[in-house]
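The following pair of complexes shares a single chain, chain A, combined with chain B in the former and chain C in the latter.
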Partner chain A sequence: MITNFNFRVVWEYMPLFMQGLRNTFLISLVSLILALAVGIIACGCRLSRWKLLRGLAIAYIESIRSTPLLVQIYFFYFGLPTLGLRVPELETGIIALMLNSGAYIAEIVRAGITSVSSGQIEAGISSGLSYFQRMRFIILPQALGVTVPPLLGQAIVLVKDSALLSLISVMELTRCGQELTSERFMPAEGFLTVAVLYLCIYYCLKPLAGWAQKKLIFREAY
Partner chain B sequence: MIAEYASRLIQIIPFFLKGLLMTVVVSGISLVLSTALGFILGILRTGRSRLVSRSIGLYVDVMRGTPFVVQIFIVFFILPEWGLQLDALPAAILALTAMTSAFICEVVAGGIRAVPKGQWEAAAASGLNKFQQLKLVILPQAMRTILPPLVGQYVLMIKDSSVVSVIGVTELTRVGWQTVVRIPEGLMVFTLVGVLYFVICYPLIRLSNSLEQRLSQESVRL
Partner chain C sequence: MIEFKNVNKWFGKLHVLRDINLEVPAGEVLVICGPSGSGKSTLIRCINRLEKFQKGELYVDGQPLHDHSINLTKLRADIGFVFQQFHLYPHMTALQNVTLAPINVRKMNRDEAEELGRRMLARVGLSDKADAYPAQLSGGQQQRVAIARGLAMSPKIMLFDEPTSALDPEMIGEVLDVMIQLAEEGMTMCVVTHEMGFARQVAHRVIFMDEGQLVETGKPDAFFDNPETERAAQFISKILTH
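== the complex of A and B ==
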C-alpha cells in the first residue's frame, strides 16, 4: 500500500496544501477570537441577574450543544439566503464556527468563574478591595488556571471542526484533499496528506495545552 | 408561500423520522462497539506493558488529532484501494467506532488511574488474580469517574454521526439536505433537523450532568 503512494503528485500539489493549511489556520484563528467574544458575552448573560438574559443565554448554549455542527453550518448555509441575505461561504462558515465554539467557551468560562469559591470573594470584599481589584487580584488569577487549559482544548476542537467547512466548498485543508480526489482520483495521496498536516497542527497545540495546565494549575494551587 | 412550504414539510415528516431512526441505529451500533473496544483499550493503556500503552497512545492521538470528516473519507475512499471495500453504512459504523473508542479509551484510562494504588495492593493481598482485581475492586470504583464523561462521549458521537451523511448514509442530516433541495426553506428544514437531534442529545447531556453531581456527592458522603 505504501509502494503505490505517489509522492510526486503530493509534491506537485504541495502549494495547494500549504494554501489550505494557511486558510485552515486563519479560519480557526479568526473564529476562535470571535468565539471568545461571543462566549464571554454569553457567559455574562448566563450569570446575569435578569431572568430574560439568563434564559436567552441558556437557550443559546443548550441548543448549540445539543445539535451537530454540520446541521448548524447547513442551517446558516441554506437558511441565510431564504432570509434574503447573500453571505459568501467563507463568512457563513465562520459565523457557524463562531456561534458553535462560543457556546462551549461560555461554559468553560462559567466553570472558571464559579470555581472561585464565594469565601474568596467575601474575603476580598472585607479586605476593602474594589470590584476591579477583586477581579484582578483574586478571581481572575484563580479562574484562569481552570479556564486556559480547556480553552486550548477547544482551540484544537475548532481546528478540527473547521474541516466541515469543506462541505460548503470553503477552500481549506480538507477541501484540498477532495480536490486531489476529484481531479486525479487519488484519495490516498489527498486525504492521508491532509491527515498528516492536521496531526502537525495537533502536535503543536497539544504540548501547549499540557504546558498551560502545569503552569497555571500550579499557580492556582500554591 | 411559507405556509405552503410548512404544510409540505409536515407531509414529509415521516421521511425525517426515518432519518432519525437511521441516526439512532448508526449511533446505537457504534455506541455498543466503541464502548466495548474503548474499555479494552483503556484497560490495556493502564497496563504494565510500555509498548502496548505507547501504541494505544499513538492511536488515540491520531484519532484525536484529525477531523472526523477526514477519517471517514479515509475509510470510505482509501480502504477500497487497500482491498477493503465497504458499503456506506458499515464504513460509517467503522469510522465512528474507531474514533469514539479512542476517546472512551482515554476516559476509561483516566478513571482507572484515579483509583488509589492501595486498592490494587489490597486486592492483590486478598489473593485476587489480576482479572478479579480489575473486575471486583478497581472498575466499580473507577466507574464513578468514568460514567459522566462516558455519556458525554455518547452525545459527541451522536452529533458526529451527522458527518456520515457525506458518504451517503441516509440519516437525519442527509434527509435535511435532500429536502432542502426540493423545499427551499433552509431555516425551516434545518430547524426541524436540529430539533430532532435536540430531542436525543439534550436528555443525555442532562443525564451526564446529573450523574456527575450524584456521583461526586456520593464520594463526599463516604
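== the complex of A and C ==
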C-alpha cells in the first residue's frame, strides 16, 4: 500500500489540509467555550429549586443525549431555515456542536457538584455561610477537581464530532479529505492524512489535560 | 440558652424525636448519650436547624426556631458545630479552614482574621499546623482544627456530635483535653458522646435517650453509678463491658 500511496498529492493538497486543520481547531474552540457556558447554565437550572427550570434543563439534556449528533446537525441545518432563520453552515454547525456538548458538560458539572459530600455542605451551613458563599468557597473548588478530567475528555470528543460538519459542507478537516477524494479519487491519501492530523490534535490536547489536572485539582492529593 | 418544648420530629413514618422537653442554661455542659438510632444526633442537629422538626417549640438564644421566618444564617454563625467526621474543607489549609467564616460571615479583614485564626489554632495546640492541609493531619489534629474553626466565630453555644467516635483510641485524649478546657472556661456545650470520663469530669448533666425519647436526666456520677431506669442501666453496663 505504501508503494501506492501518493505523497505528492498529499503535499499538493497540504495548504488545503492546513486550512482545514485551522478551521477544525477554531470551530472546536469556539464551540467548546460556548458549550461550557451553556453547560454551566443548564447545570444550574438542573439543580435549581424551581421546578420549571429543572424541567426545562432535563428536557434539553435528555433530548440531546438521546438523539444522534448527526440528526441534531441536520435538524438545525434544515430546520432553522423553515423557521425563516437564514444561518450560514458554519454557524449552524457551531450551534449544533455547542448545544450537543453543552448537554454533556451540564451532566459532567452536575456530577462534580453532587460529588462534594453533604458533610462539606453542612459544615458550611453550620458556619453561617450563605448558599452562594458555600458554592464559591466550598463546593465549586472541590467540584472543579473532579470535573476537569472528564471535561477535557469531552473537549477531545468535540474535536472529533466536528468532523460531522463536513456533511453540511463546512470546510473543516474531514471535508478537505472529501475534497481530495472527489477531485482525485484517492480516498486513502485523503482520509489517512486527515486521520493523522486528528491524531496530532489529540496529542496536543492530551498534555494540556495533564497540565490542567495538576494546576486545578485541589491539593489534597499531594 | 436552649429550650425544647414538646419537640417532635418524624423522618417519613419514623418518629425520631418524641415530646422532647429540655432546657440548657448558659454555661451548662450537657452530655447526651444513648444507643445508636435513639435520636441524640438528631436532637443536637435541631439546635442549629440542620434538621427541621414538625411539632413543638425550640428557642435558642431567645430565637424561636419553629418560626420559619427567623434569620437562620445569623443564628448558625453564633453556634459552633463539630462533626463526627470533622468535615474540614480538604482544599484549604488549617488556617484557611478556620478563617473562612470569620472573613465571609463576620466580615473581618484578612489580617485580623488570620491573627484570630492563629490564636484559635494555638488554643487547640496546633500553632505549628496552620499551613497544613487536612490530609496531612491525623484524625485527632483534624478534629482539633474543626473545634478551632467553630471557636473562631466566638460562638455562644458549641455542639459536638460524637466528636471522638471516628478517632483512633490514642487520639481521643487530645480532643477531649481541648473540650475539657473549653468546658472549664464556661462555654455552653451539648455533647453527644459515650466518653464517660469526659462526662464525669466536666458535664453538669447527662441525659439518656432511647427511641426518640428523653428517658433519664441526672448528674453524671449518679447517672453512671446508679441509673434510675432499667433501660439506662442496660446501656451503661454495655458501654462498660465494651
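To be clear about the criterion, the second predicted complex is superposed on the first by the 201 of 222 C-alpha atoms of A that agree within 3 Å, B and C clash if a C-alpha of one lies under 4 Å from a C-alpha of the other, contacts with A are read in each partner's own complex, and residues count from 1 in each chain.
One rule holds for everything that comes next: a residue touches a chain if its C-beta (ideal position, glycine included) is under 8 Å from a C-beta of that chain, and two chains touch if they have at least 3 such contacts.
None of the values given here were measured: they were computed from a predicted structure.
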A:Leu199 contacts which: chain B (first), chain C (second), both, neither? first
Identify the partner contact of A:Ser130: answer first if only chain B is touched, second if only chain C is, both if each is, neither if none is. second
Counting touched residues of chain A, say whether chain B or chain C comes out ahead. B
Thinking of the overlay built on chain A, is A:Leu83 touched by chain B (first), by chain C (second), by both, or by neither? first
Which of chain B and chain C A:Asp161 touches, first, second, both or neither: first
Chain A-facing residues of chain B, complex: 61-62, 64-71, 73-74, 77-78, 81-82, 155, 159-163, 165-166, 173, 176-177, 180, 184-187, 189-191, 193-194, 197-198, 201-202, 205
In the complex of these two chains, what residues of chain C are touching chain A? 48, 50, 73-74, 76-81, 83, 85, 87-91, 100-101, 104-105, 133-135, 149, 153
For the complex, give me every residue of chain A touching chain C. 117, 119-120, 122-123, 125-130, 133, 137-138, 141-142, 145, 218-221
Contact footprint of chain B on chain A as seen in their complex: 1, 4, 62-63, 65-72, 74-75, 77-83, 156, 160-164, 166-167, 174, 177-178, 181, 187-188, 191-192, 194-195, 198-199, 201-203, 206
